[in-house]
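Chain nomenclature is as follows: A, B, C, D, E and F, assigned in order of appearance, with residue numbering initiated at 1 for each chain independently.
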Amino acid sequence: MSRIDGRTPEQLRPVTIERGWSKHAEGSVLVSFGDTKVLCTASVNEGVPRWRKGSGEGWVTAEYAMLPRATNTRGDRESVRGRIGGRTHEISRLIGRSLRAVIDYKALGETTIVLDCDVLQADGGTRTAAITGAYVALADAIGWAQGKKLVKAGRKPLIDTVSAVSVGIVDGTPLLDLRYEEDVRADTDMNVVCTGDGRFVEVQGTAEAEPFDRKELGALLDLATAGCADLAALQREALAATL
Amino acid sequence: MSRIDGRTPEQLRPVTIERGWSKHAEGSVLVSFGDTKVLCTASVNEGVPRWRKGSGEGWVTAEYAMLPRATNTRGDRESVRGRIGGRTHEISRLIGRSLRAVIDYKALGETTIVLDCDVLQADGGTRTAAITGAYVALADAIGWAQGKKLVKAGRKPLIDTVSAVSVGIVDGTPLLDLRYEEDVRADTDMNVVCTGDGRFVEVQGTAEAEPFDRKELGALLDLATAGCADLAALQREALAATL
Amino acid sequence: MSRIDGRTPEQLRPVTIERGWSKHAEGSVLVSFGDTKVLCTASVNEGVPRWRKGSGEGWVTAEYAMLPRATNTRGDRESVRGRIGGRTHEISRLIGRSLRAVIDYKALGETTIVLDCDVLQADGGTRTAAITGAYVALADAIGWAQGKKLVKAGRKPLIDTVSAVSVGIVDGTPLLDLRYEEDVRADTDMNVVCTGDGRFVEVQGTAEAEPFDRKELGALLDLATAGCADLAALQREALAATL
Amino acid sequence: MSRIDGRTPEQLRPVTIERGWSKHAEGSVLVSFGDTKVLCTASVNEGVPRWRKGSGEGWVTAEYAMLPRATNTRGDRESVRGRIGGRTHEISRLIGRSLRAVIDYKALGETTIVLDCDVLQADGGTRTAAITGAYVALADAIGWAQGKKLVKAGRKPLIDTVSAVSVGIVDGTPLLDLRYEEDVRADTDMNVVCTGDGRFVEVQGTAEAEPFDRKELGALLDLATAGCADLAALQREALAATL
Amino acid sequence: MSRIDGRTPEQLRPVTIERGWSKHAEGSVLVSFGDTKVLCTASVNEGVPRWRKGSGEGWVTAEYAMLPRATNTRGDRESVRGRIGGRTHEISRLIGRSLRAVIDYKALGETTIVLDCDVLQADGGTRTAAITGAYVALADAIGWAQGKKLVKAGRKPLIDTVSAVSVGIVDGTPLLDLRYEEDVRADTDMNVVCTGDGRFVEVQGTAEAEPFDRKELGALLDLATAGCADLAALQREALAATL
Amino acid sequence: MSRIDGRTPEQLRPVTIERGWSKHAEGSVLVSFGDTKVLCTASVNEGVPRWRKGSGEGWVTAEYAMLPRATNTRGDRESVRGRIGGRTHEISRLIGRSLRAVIDYKALGETTIVLDCDVLQADGGTRTAAITGAYVALADAIGWAQGKKLVKAGRKPLIDTVSAVSVGIVDGTPLLDLRYEEDVRADTDMNVVCTGDGRFVEVQGTAEAEPFDRKELGALLDLATAGCADLAALQREALAATL
């Protein structure tokens, strides 16, 4: 089977991670997974939410959104509708949990970092691109905070890297990193978030059409684990460059 | 290791499925998984949402909510706050997807069934109890619709049963059907939705503290598959009784 | 004239008051007036709203809501619509005022008790059942607070009991405790809230069709006063039992 | 006992009913009960709400609101808060019900009349002034509609007049038409809406401090019935003048 | 060319400024520009918004709104719709900025004055009438605050007067103070806010149909400057009278 | 006087207009005025809003928004707050009016074009950059619609070009195209929108500190007119290139 863009089933789309995209944010990345482009900014604020004050521990949270015409047909703005949709809520929470999985709150100290992931153009995999890019923006923001002595010397708030990728079964074949047209046709759709050491932070598999069995699940996890490892390498490479 | 309520790791809490709880709804179930109690009602409406009109296909959707004092400390009402929280959105969507996985839309015809899952008392596993109970309410509602000839004779809108259970790793041990106190202490928390034939509809695993590896994931899936099979048997038993 | 359920005009429906329904709330009652079932929970919080701080006086408030399928046709959730309807507001305020009429704020001290009255099934008289049940939940919550020494020894925050019942004129006959089908056909509809000593806390009479005169008003008040006295006896009996 | 403004207990404040206040509305009245001033406008729209279409019957509804500085201390705008408060809802519904009590829907035909009652200055009794003024604006709007042939010749959509007044027990004395300072000190507060023939449309009595007994209720109803009759005479007089 | 009401192009409508309209507000004015009537109330509050605390400086802000039937066809209430429209926001901000232009924050001290401008009847020029009337209400409120020693003796919080007027080009002729029917037909519509010394605080010109050139702009500014000067004289005259 | 970035008072910042930025939108431009970057997408929809149906005329509207970290300190998302702020409303309306000034509705036919202007990075002049960029996206969308025969052959829906620039008086000197740091220090701030023929569509001048006189206004208009002409040339140049 040949994929619409000629990739093999286990191949990622071209991935770019452009650091320092914004002049204002403490960390910022324009990440692209093929035609999916997400602007990830990290904002550092001294202090933590009220329920965490005095704990000596920091906090990391995320908000995801799509520009109205990021997609093929224009969607109404959630600000205009006056409410955030379920999908937006769900993805914002997923990104936040994924990043917090690699944070040592004690090492961060009472500092809050907010990741904004705004999809400028969508072609499938926006949440996984967002997590992958947001990690790099977060790393830059922590570097900035260390430079400003907001994080104490010698502490390492980041325990590991974290990246994410989508996988799915299309016409019976497990595929890595689905484009929108593949995603629409998938029987099963799964988003997998891994740490740099190859363990799982989140596994979210959904049978869009046909329920899946244990063997199919295994094949998808194999693909996703390899994909996340490739993304982790790209993250390390991006962070190794001088900003 | 001994669990707080004396169960073995692979044991469900006492489960009850009380059909016909409400005099108004076309299907209604008060389901309990131990101290977790969820009232599930199914409402049948002729017609479908606008985007589905003329397709000859039906629709099934769900809304989940908690009473303010279902939990140990009172939560504000979402109606009073004027907006639905992310967690509520997420679970409502999960229940809807899970039920739709066993629906034959064509056989249902242009009829909509809304499942309302209201948590009267919470002690962990509210979303899995909701899915398990909602399936039975849905089956009763479809039976009602067949009696009223809203569903054409000879058609079977339900392809299979669907049930759900939570699993998690607590102090290194994989456990089935977590109570609230176990859930809070779990390193990994997973909700698994299975059809009656043992395949997966949803697998949602989250590392609450430590990332998990492939072997741990396997152990959790083993537990969940067995638990869902037990729940499917209880559903069949409940539906076999005369209402 | 014979009523649809065979009652005499001055007869209440079967009333049950089930205390201790919830394991979490400090007071909880599942009250039923025939097929009308309302879950009333009382939540005790130390402290009072800001405008009352430092007064040495407590506060009691209430929120009323209906599950979407408590009624014969499903109603939209107020949380989904993003706003609370006028009827809900009106009834929540009525319940709060009714309970506060029997509270000695000084004796309660700076403690707040919130009563949540959620209608699980509706068949007329939901607000009067809510007041009647909420009083019992409130009494249990105050007992709990006294046990926890949140209320000072020797103080009696409850001055009297309070109960409520609906009355109406149907086909020219004044009737007590209307079911939904009677309520719909009533020319005049009145809700009356009485203290245990037989005085009025609230009298809310509305001409649904024909205006009513002084004599009709008198007949309705006679019925309601007797009905409230019966309910007060049932409340005392319920509270006399060991929880 | 002497009242703060020298009135006897059974005396209304000076009442003025200024018709034709607005150049745009089909009916408009600036009504004052002493320092309470309410602008009531009636807007006539062809057609009725969806649920009433094809019935041949009309509809009358009302919205009540207060300007932010109508009261002694400024209140936040409900538009700014993004939600309507319970009190506003309650009063809007009361005004609507009161006016509908004197409407013959069939005679009105499929026409909707919306009454807007905006309190420009408040000194107690805003809802009763609103009902009393809105009736006159409604009568003018119906006259306008008859002139425009929107209401068929020979039909009388108004069955009777309707007026309203507040009564209360202050320091043991029943008083008519309370000013704000009296209202605050009242043990019992009652709003009564009567038709021109002296029957009741609404009786809403609330024990603000002490519960009230049957005899006190009787004294209040006596006062209110006489007060409403006086107001009905003022309404007739206002409507008898040439606009 | 003759205007619909017989005015010359450079003539204001009859303007009235009625001080002391409300018994509650610290300053209040019912201003009319012809049939446009706006009730402006000024509310004085000790203290300032949080972001200004400790600065020793005061704050002045404004809220504009229209009654639903101030216009020829009834508009929905913004409180009912649950959100404030763009036009309302825009005008509220304009009024606030205009008044702040003549305030010496230091002289005012940490006091906040809120101007509420509610349009009771609209016939064009509601925002300019609101600014003109609100200035007078503000002056009265400051006088009140000086009397109460909330503003320190010898300080002059008002630097100058401020007034506003609309101008527009209708059928090629620049006109002052447009009525609604003129406004609708205008090619260009401009609102100009001037201080008493004839300088500009705001110039907001919009080409409703045809873009305008520098010469037309000049003609409009000439008209507006003269109109604002006339209004400033009327403001001084109104304030010179004993309240 | 030397400006912070070395520009002369009458000099624009470097302006880039990058067409075809998005693969989904019918027209899309990433416009930058120095460090201000706005993504403008144009979405073409068949049909017009209800109030315009059957008129044979089209409609153009715009929505403006800022990403949360487009600015130096992170702003809350309007979708999260549940309401759109006054500034956003104001600018969206300004952009829409500006573009409609150069549209021939009849030539466009019953087609709606929505311009989304999302500020990715802000450094002053976001609304003027948005108008300037949105015009180009609009022109491309109209070209697309002509290619798809949605706009009839031979018709020219665009009458002229439209561009916008900010001007202001900083330390007594009139400056063109203010950066954020200049804008903050400006006494007067003006946004001017011109058509390609040099006439005005919008003139919005605000005295931020000191009121301005006629001569200062003249100097600002001179600067703005020249700046808009430069921008018009850049727009023409951008559109002359092959997409």
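Convention: a residue touches a chain if its C-beta (ideal position, glycine included) is under 8 Å from a C-beta of that chain, and two chains touch if they have at least 3 such contacts.
Chain-to-protein mapping (UniProt): A, B, C, D, E, F = Ribonuclease PH.
What you see is a predicted model, and the numbers here were worked out from it, not measured in a lab.
A.B. asks: Please give the intersection of the contact partners of subunit B with those of subunit E.
C.D. replies: For subunit B paired with subunit E, there are no chains in contact with each.
A.B. asks: With over half of the numbers shared counting as same, classify the subunit A/subunit B interface as same or different.
C.D. replies: same
A.B. asks: Averaging only over C-alpha atoms, locate the centres of subunit B and subunit D and give their separation in whole Å.
C.D. replies: 51
A.B. asks: Can you check how far apart subunit E and subunit F are, centre to centre, with Cα atoms defining each centre and the answer in Å?
C.D. replies: Whole-Å distance between the two chain centres: 28.
A.B. asks: Report the inter-chain centroid distance for subunit C and subunit F in whole angstrom, where each centroid is the mean of the CA atoms.
C.D. replies: Centres of subunit C and subunit F (C-alpha means) sit 59 Å apart.
A.B. asks: Could you check subunit E for residues that touch two or more other chains and list them?
C.D. replies: Those would be 82-84.
A.B. asks: Beginning the circuit at subunit B and going via subunit C, which chains come one after another?
C.D. replies: Order round the ring from subunit B, first step to subunit C: B, C, D, E, F, A.
A.B. asks: What does subunit B use to touch subunit C in their complex?
C.D. replies: 22-25, 28, 35, 39, 41, 43, 45, 63, 65, 67-72, 74, 77-80, 82-84, 88, 114, 116, 118, 120-123
A.B. asks: In their shared complex, at which residues does subunit F touch subunit E?
C.D. replies: It is residues 83-87, 89-90, 92-93, 97, 101, 190, 194-195, 197-207, 211-214, 217, 221, 225 of subunit F that touch subunit E.
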